[in-house]
Amino acid sequence: MRPSGRATDELRQITLTRKFTKHAAGSVLIAMGDTKVLCTASIDNRTPPWLKGTGSGWVTAEYGMLPGATHSRAKRESAIGKQSGRTQEIQRLIGRSLRAAIDLDALGERTITVDCDVLQADGGTRTAAITGAYVALVDAMQVLQKQRKIKRNPIHGQVAAISVGIVAGQSVLDLDYAEDSSAETDMNVVMNEAGGFIEIQGTAEGHAFRDNELQEMLALARHGISQLVEAQNACLQD
Amino acid sequence: MRPSGRATDELRQITLTRKFTKHAAGSVLIAMGDTKVLCTASIDNRTPPWLKGTGSGWVTAEYGMLPGATHSRAKRESAIGKQSGRTQEIQRLIGRSLRAAIDLDALGERTITVDCDVLQADGGTRTAAITGAYVALVDAMQVLQKQRKIKRNPIHGQVAAISVGIVAGQSVLDLDYAEDSSAETDMNVVMNEAGGFIEIQGTAEGHAFRDNELQEMLALARHGISQLVEAQNACLQD
Amino acid sequence: MRPSGRATDELRQITLTRKFTKHAAGSVLIAMGDTKVLCTASIDNRTPPWLKGTGSGWVTAEYGMLPGATHSRAKRESAIGKQSGRTQEIQRLIGRSLRAAIDLDALGERTITVDCDVLQADGGTRTAAITGAYVALVDAMQVLQKQRKIKRNPIHGQVAAISVGIVAGQSVLDLDYAEDSSAETDMNVVMNEAGGFIEIQGTAEGHAFRDNELQEMLALARHGISQLVEAQNACLQD
Amino acid sequence: MRPSGRATDELRQITLTRKFTKHAAGSVLIAMGDTKVLCTASIDNRTPPWLKGTGSGWVTAEYGMLPGATHSRAKRESAIGKQSGRTQEIQRLIGRSLRAAIDLDALGERTITVDCDVLQADGGTRTAAITGAYVALVDAMQVLQKQRKIKRNPIHGQVAAISVGIVAGQSVLDLDYAEDSSAETDMNVVMNEAGGFIEIQGTAEGHAFRDNELQEMLALARHGISQLVEAQNACLQD
Amino acid sequence: MRPSGRATDELRQITLTRKFTKHAAGSVLIAMGDTKVLCTASIDNRTPPWLKGTGSGWVTAEYGMLPGATHSRAKRESAIGKQSGRTQEIQRLIGRSLRAAIDLDALGERTITVDCDVLQADGGTRTAAITGAYVALVDAMQVLQKQRKIKRNPIHGQVAAISVGIVAGQSVLDLDYAEDSSAETDMNVVMNEAGGFIEIQGTAEGHAFRDNELQEMLALARHGISQLVEAQNACLQD
Amino acid sequence: MRPSGRATDELRQITLTRKFTKHAAGSVLIAMGDTKVLCTASIDNRTPPWLKGTGSGWVTAEYGMLPGATHSRAKRESAIGKQSGRTQEIQRLIGRSLRAAIDLDALGERTITVDCDVLQADGGTRTAAITGAYVALVDAMQVLQKQRKIKRNPIHGQVAAISVGIVAGQSVLDLDYAEDSSAETDMNVVMNEAGGFIEIQGTAEGHAFRDNELQEMLALARHGISQLVEAQNACLQD
């Protein structure tokens, strides 16, 4: 029995709120249960130096956690003066995942920065961030198309992500904080809409996990991501 | 005529949403028109080093702006590696203002950190932060009282803040971004519920302002703050 | 009775020593009693990036305190690796005040940096810095005129600053350190030669201050600044 | 055909040189072909603050790349003033992997830091680091046992790591730099001596990878790691 | 002929002004011609961590250059966020030199920090700093003795320093900026009152210098330092 | 009797291994007894900004110490976030020494960075670094000549360095760590092949050293460096 009473293959309630704020080209609040992440996609008409003159653009992500988002207040990284290894690892993951969904040549020489800021944390913030960031990215592309700055939509795939893990000996989908902090294995899976893998990151927290456990977790992830892909599509068709 | 169509002495629509997030002891989303600031008050059972053994506590504030909160994306301060002078100036102002409302001896040896994070900016973020932070601070004190960690409420005053300024030769209340960016004088006023001054910060952006203009602006501020004090009280009585 | 024996509306002895050092275009040592600040104005024939090609120049200020300038040694900010919030707040204030006195278009595409370094501190360092920095800025403009790099003097106003406050229930002018550290209200006022306000920053350290106290303090400030303006003029006519 | 002429399931030449330097408790130079990493394990008789008084110890890793180790010189991170996201990601991975092999309670209140410094890079530095670091860690434990500071060997497992990937449409084992820079998928696998997974990190660089490709890569990794485990054992029995 | 018209073995005019500022225990303004350095010695009743409980104290130095002190304005190190290699090298040299003059056991568990801040630079700032810092250190010891915190004067030697060099093929004493910037060899010599060497740092800027040139420079340094030692004594006897 | 049993004028065993790593243009492992430093010289086809357009190039050095290289592990400077004063002092010394051996005009507009990383430390790392770096620099020049990027070899001198000191009252050559940590005087000497001085840095650690001690140490240094010059030449002729 999971702490939340969910079945092992059951996602938390997912809500995607578009246009949550008004200035950024894309702005999506994603809630996966009590995990709430604000994803804003901003357009900058410049590329990073290494792409200048190539005709190609760039998509990058930044991740942050509001100090009050967690059970006990986390120190503000701008006050500490640097981003933690965890923060950097997460934002690199989000950026790679989004770039798997977009044709950077078709984007043209501009940079899309997707900021993923956690307003409230209850486990799975990085995977929620990826799922929400995709929608914000799509919205930003529609802005560029409406402004006739790009001819065709550079989005060529869809990405969504979920966490899976082994808790109390059982493979489960979409761990909340209570599960995450006692998990024996924690795995984040990023997939496209066709079930292809964009990224797998699995870590044994306690004992090493066996091949059959890996396969179980991957099946759960596939199941969960197919629902997230639907939720993204439903939201984008509104 | 103001860009928003408001009268010169008219506040924007104010909304205070308590318990906007669930982990922090106090959590208030304040909206002043399109300016939206999330204020969370967290309790730490330690004091800064210089207060150890004094029996006295501390209230401090931190301020941040989500990168996507502004018209054009602002760089993330944790990525830059330091907080700007503006950020530090604002968070020092918020902290001083809150400390004017609380008896630090009655608080006891603990630290309350009020984080004010701007989700959407449209002028007046620092004054909105003060007005919202006061409510979050009151909520955090109620948590301490419910936990029987303090015997009496250390709050001994009420603080609220508003901006006033001179725009197109006219004194106006509660400037939005459009007014703020063209203001000849910009002034932030923090007052208590009795109309006493906690802080005045006025800056001539263009020509120097005269004494009669100062008096006009102070009258507008007094008028606005009395309404903010009422809004805080109404919200806290829910 | 004030600790120094001064009347409530009495300034400390003011001395302005021009050409205190020889390399900078303007170099003024200002002493307000035991507070001594060295203000040097340096000319750089480049503008900040955002002004390139506009024909306009920039005036900025930096503020520092020698470690041995205070009662107990202060840590060196270069060794800490960053400027404190207080330092940044002060140098932003000095810069804004000086820019109120100069026509940046007439300055042309160059940057004047006025460094205000406190050799000895006894309260009121930021206001002394502004008063001294104005004289150093004027001297730097004369250098540019002598070098025929500018056609007319871009200085179009005069700025001076003083602190006022409420100490032991009484409004007083030009607080020294002993008064400053026990003040109930501390206010810094920057004015031009015509008595117009450039900046007002007032903070209640203890109880909130009332409107009549504000008016008293402003009158004292006006009285003090008129003498500082005269002292600046006398010094510049030497 | 691979650039190196190796079969798809063929490791590069592996050499493990113990006692490569003399000061650290464990010091191993691992060469995987042209990739050369110096792994030194140092003992500190203190724990991190959060373990004080728990009786438990800690194992952590740091990773660095000599500036001259790569094809074109990389900037020195100490000169830049911070470790890159990549460096932090790698050293977190090495640390987690080593902690999977050791009983931290049996280690007692001390910290083992394993420094992995790349002298020469030709792909697969992070996995080589893990494989070499394990041997250095074992040597450090033997020092502690010889000094009778610990009663029993806290090592309870064995870890080794290898990269696998898809290059030119084919799954291959142990990518060198030429392959790594053109890989469509890059995956790092950390396993214990029983073939259990400690960590999987797979990234699609080009198109998403399918489940059958994942299974192929995992089989290659398992094959390679079994040989690395043997090499570690052979070296430790010398 | 030297630019200043001085003989090759002629020092610039030296002035030592004690009690230049009033807060620090020792405060000396040293002028060597146009080079002016303010040296303040501050007493802290704590030692660095590594000396706690040893009964021994510490003397350290910090060095800074006011931005306006040089021909063209130097960037403020606190704004840059770190001290340059040059600054650190100089302050390490000053600290070592002063520690050669004092019995740290007799000082007891306290730290003396001597801040050497260059108000105006014209070559030889580091050697002037050492010569002035010695006097400030002596004054600080007298304060400790007057406060009966130490029984005997811990100063057991006297240190002074001078630069020598080869300019236009000729060995010269006490280089000013014009000479320093064209010197073929630049050497700083720190000696005690008996002519023993505390530190020698010689650098060939152009061609390597020969042994006879070295001997010539050392003789000049010895000649100059004997005069500086006299100047220190004369000043301390006032 | 020295701890190592060496005569007072006896160098440790010196080994110079060229092409120790394969990517950098020059790569030399120098061992002076147990002190081992890897020196790699990398070519960058850009100059520092201040040399752009001058036709002249630059040679600079960076110095690092692997954390496990010393008796007790040293903290990693990239993790601390800055290079120590000692590190900066050493790399400035190495850079100056190398520039004394090369005609920067003949090098042309490119930068050679020589990285000196200490793999194992046993005293004299900075002087070993200089001696090894010279060989790496020569190798890099040969690469440029083979690539026909420069017409003639810009190396116009040869540099080598050694430490001398006074240990237990006796002048000795090439101090190891045991001697270095108890030395009364420590001196580093950099010379060219003709016995001219490039740099002298001597520090009295205990009592001041006398002129005759200085002369003894310089004679030892000259004796040692002549052997190092031969070792460099022998190695380069292989």
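Going by the order they are written in, the chains are A, B, C, D, E and F; count residues from 1 in each one.
We take it that contacts are C-beta pairs under 8 Å (C-beta built on N, C-alpha and C of every residue); 3 or more make two chains touch, one makes a residue touch a chain.
In UniProt terms the chains read A, B, C, D, E, F = Ribonuclease PH.
Since the model is a prediction, treat every value here as computed from it, not as a measurement.
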If a chain touches chain E and chain F alike, it appears here: none
Minimum number of chain-to-chain touching steps separating chain B from chain D: 2
Chain pair equivalent in interface to E-F, over half of contacts matched, among B-C, A-B or D-F: B-C
Chain located farthest away, centre of chain A as origin (C-alpha): E
Cα-superposition angle relating the copies chain E and chain D, to nearest 5°: 120
Chain C and chain F, separation of their C-alpha mean positions in angstrom: 50
Geometric centre distance via CA averages, chain E-chain C, whole Å: 32
Centroid distance [mean C-alpha coordinates] between chain D and chain A, Å: 28
Where chain A touches two or more other chains, by residue: 81-82
Complete ring sequence of chains beginning with chain D, oriented so that chain F follows: D, F, E, C, B, A
Of all residues in chain B, those that touch chain A in their complex: 21-24, 27, 34, 36, 38, 40-42, 44, 62, 64, 66-73, 76-83, 87, 113, 115, 117, 119-121
Of chain F, residues touching chain E in the complex: 82, 85-86, 88-89, 91-92, 96, 100, 157, 187, 191-192, 194-204, 207-211, 214, 218
